[in-house]
Amino acid sequence: MDRKIYLDNAATTKTRPEVVEAMLPYFTELYGNPSSVYEFATQNKKAVDEARGIIARALGADISEIYFTGSGTEADNWALKAVADAYASKGNHIITSKIEHHAILHTCEYLEKHGVEVSYIDVDENGILKLDQLEKAIRPTTVLISVMFANNEIGTLQPIKEIGEIAKKHNILFHTDAVQAFGQLPIDVNELGIDMLSASAHKLNGPKGIGFLYIRKGVKIRSFVHGGAQERQRRAGTENVPGIVGFGKAVELALATMQERAEKEIKLRNLLMKRILEEIPFVRVNGDKVRRLPNNANFSFQFIEGESLLIMLDMNNICASSGSACTSGSLDPSHVLLAIGLPHEIAHGSLRLTVSDEITEEEIHYTVDKIKEIVEKLRKMSPLYEDFMKKR
Amino acid sequence: MDRKIYLDNAATTKTRPEVVEAMLPYFTELYGNPSSVYEFATQNKKAVDEARGIIARALGADISEIYFTGSGTEADNWALKAVADAYASKGNHIITSKIEHHAILHTCEYLEKHGVEVSYIDVDENGILKLDQLEKAIRPTTVLISVMFANNEIGTLQPIKEIGEIAKKHNILFHTDAVQAFGQLPIDVNELGIDMLSASAHKLNGPKGIGFLYIRKGVKIRSFVHGGAQERQRRAGTENVPGIVGFGKAVELALATMQERAEKEIKLRNLLMKRILEEIPFVRVNGDKVRRLPNNANFSFQFIEGESLLIMLDMNNICASSGSACTSGSLDPSHVLLAIGLPHEIAHGSLRLTVSDEITEEEIHYTVDKIKEIVEKLRKMSPLYEDFMKKR
Amino acid sequence: MYTEKVMDHFTNPRNVGEIENASGVGTVGNAKCGDIMRIYLDIDDSGVIKDVKFKTFGCGAAVATSSMATELVKGKTVNEALQVTNKAVMEALDGLPPVKVHCSLLAEEAIHAALWDYAEKKGIKIEGLEKPKSDIHEGEESEEY
Amino acid sequence: MYTEKVMDHFTNPRNVGEIENASGVGTVGNAKCGDIMRIYLDIDDSGVIKDVKFKTFGCGAAVATSSMATELVKGKTVNEALQVTNKAVMEALDGLPPVKVHCSLLAEEAIHAALWDYAEKKGIKIEGLEKPKSDIHEGEESEEY
């Protein structure tokens, strides 16, 4: 294959050419600062509000409930830190899951150092939150439940509606990190009882460096970035106009193509899973079989280590990702894979492939062929495989 | 004039076409996530580090001392909050000036609510920090001095080197908000004794939505945005690769043209000031005559209100800005104009014109002609002018 | 930011000027806050506002509301003029941005202040008119630079 | 991320395999941490390493350092092999990223573990060789899925 096969769409996506097209005028022509009085800049203000409107409608939210940030991570930080601060008089307890993104987990760690108590709820072997454990963890001091919409590694979708109902029943705010789900699945914040929601443009073929936080009207909030009066005085800093416009365009396109894309991606993903499970021994699929993101496949290949696999795939022009510790320089493999009960050595051999609608069946076949070859090669090199085969 | 005359380059600038050109490949071609293992993404990592290198060299800093943020405001927030936290065991006192940008002042207010004490040092009638007052304000518990490099409204440059020396003498960290100065003036962090410095790309013909914080090696720091391991684990969130690349390119161009641009801008600015002072009565220039940004002119026209002036200029295709309260919806005019001793009614009539090297002399002449007309028209409408003339 | 009507009244304000020996003059607002409006009324013996002029120091909305307010009271009787509320001024301008609503209040107050001055000069009492609060006196200082 | 040399030794690792009835076998590392290296040595009566093979579970750097370490000790005497440090392995590979330095340490340890096994089997003592710490035993379980 000459062409690069990009199977890491959970890490980031290609910015669609139409999105770039939409952004371009706001660099060199309509470059004014939206806070300015003159007509030249009010055009930008309008463009920003148009993008805000597209996003609000995508969620069933009001336009005044969308606040742009510099990333999904910033939105996550803001949501947790603001609620901890604004509701401190009610309580100091937050509930989250064990498989959140680091944007949530490390923010929780930070909050724990500052007097907040955090309960980390377990997931089952498919990565689904244990709702009974969640409900038991609720205390009179609980101010927030934050559970991700879809997991970034294993693609598992959480029972968001049920969590929303539990939160509502106990009069607790509910935040969801929807960075992986927004634009891939329909989301209605009212139907699902979501009070706050984080998203990031570059995960849905929008530009990097722009995210948003949805904050339901009536939720008490604190600013995270202090300064000018932008974003209804909630998030200071000159608006990233091209980024916001690009985000709006990306959402518009994502909504228009959602169904069709999902169908195509599920087909490709299922082909991938079927062939790998049938043709490679000692492999397991991680994550829920049904309740998962359309584009996500996650495997553990026993006896081999993920980074080696990635590098060899890379040499064959295939871009993928792994929950291996080696890629991050830490010694522990992904907390998500450990949370679903994988032993360390299995977790180390995991591979995430996330397709897009630009991938062809032919590329999937090529990829599986290569994975087969590489897994075989690495197992031949593996002392764990040697031991295992000798013992049989 | 058919052409728009953009005289608000302190608010934001046009992204240079070369900058957009440099960014473009990172949207649709080299879109990988720099944290990934594969070759495709390591190209982006390299591009990010190249930009970081350009910026580091521009400041005489080390490449490992530059941390990208989502804006100048975020850099300001981060610097102040991180130092307050990391040095809490040393003390809880911060010194700043009365004429900082809101990104600093509102962050200080936030910190004050959280147990930090802040001294706000006065400036003289030209907007220059009172160094004796600064030195007297130092306490054993002072952990940080934060004074802006150049003021965004009146353009006054601060005695940064002297402040750096005072900070060093007392073993206090020195942060400077250089959002207005970086790219306009040569800055060497070692020569000037700067420990931390904030900047924002869109003020120097780079894109919006990207800034950086320089943090001298050895300064204890805390993360502000928690999550992934980006930016040496200091500032989480997928890197805004196109933004960073654009910032690098903008800095490269700004450095290469600095002298030439400054000369051209000073000439235009001085022409503007000369004609206005000579041809319009009851006007004053705000800010220091010599120690000011090359492109900044700031006037107060007595008896008239700034927003009216702005709108009428806008109708003549001239983009400008004002320290008028009306533009922000608050009742008080700019804290900067009040800090240099202007009475409210004079402050309300202020006008900031910030030129760029794309402005022509002809456009300056046209602008002055229009200002003359408009000021006359507004004064004819003004009860304050009526009273003043009757009393003469 | 502003409606077309506001922009029209700002750029071509009606009734700018002074009236010598006016029947009533009212000045409201405060230079500190950035808005001062002065209304001159010429009222005939039958209590009809024959002419009205204004001067305003303030933002676009302040000028436009002054202009519209003068248009709305011109030719009206004193009692009719008293019914011209800030809401009426805003509606006639097709609305104002929320942060500018105070300008329309100021316009209403300026009319009232001028009517109060008229009543005082005539030694009459106008039903429903209260002494304006925010009236500033002509002598208020503004420093020169 | 990796130098050309590392990539070469990762993609074309030298001396992969097993030696039946090896003079010494050493296995170090830990599946939990994601790195296991096993070295087989064939040592002749004069104490020269005639052949060496390895198997490695681990990242690219782990494979490359194993491969390079086997190359560096092949043909050497036991005492010479003992002098092959992790630094020598890294240098021979033109360097490793900082987070991967532990792989080169593991390679050094694996050689030492195999030499220790050889010494034990022969009932001799090798000057300067200490019992390897992180040796794991062959029987360690790895669950199947």
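Worth a mention:
Read from first to last, the chains carry the letters A, B, C and D; within each, the first residue is number 1.
Quick note on the criterion: a contact is a pair of C-beta atoms (placed from the backbone, for glycine too) under 8 Å apart; a residue touches a chain by one contact, two chains touch by 3 or more.
The model shown is predicted, which means the values in this text are computed figures rather than measured ones.
Separation of subunit B from subunit D in touch steps, taking the shortest path, is 2.
Computed centre separation for the pair subunit A/subunit B is 34 angstrom, with centres defined by C-alpha atoms.
Between subunit B and subunit C, the centres computed from C-alpha atoms are 40 Å apart. The distance from the centre of subunit C to the centre of subunit D, each centre being the mean of the chain's C-alpha atoms, comes to 92 Å. Contact with two or more other chains is made by residues 37, 307, 311, 327 of subunit B.
Of all possible chain pairings, those that touch are A-B, A-D, B-C. Residues 4, 6, 8, 11-17, 19-20, 24, 27-28, 31-33, 35-41, 69-74, 76-77, 101-104, 106-107, 109-110, 200, 202, 207-210, 223, 225-229, 236-243, 307, 310-311, 313-314, 319-322, 327-328 of subunit B are the ones that touch subunit A when the two sit in their complex. Touching subunit B in their complex are the following residues of subunit C: 2, 7, 10-11, 13, 16, 18, 27, 31-38, 55-63, 99-100, 138-140, 142-145.
Within the complex formed with subunit C, the subunit B residues making contact are 282-284, 300, 302-305, 307-308, 311-312, 315, 324-327, 329, 331, 333, 343-346, 348, 380-388.
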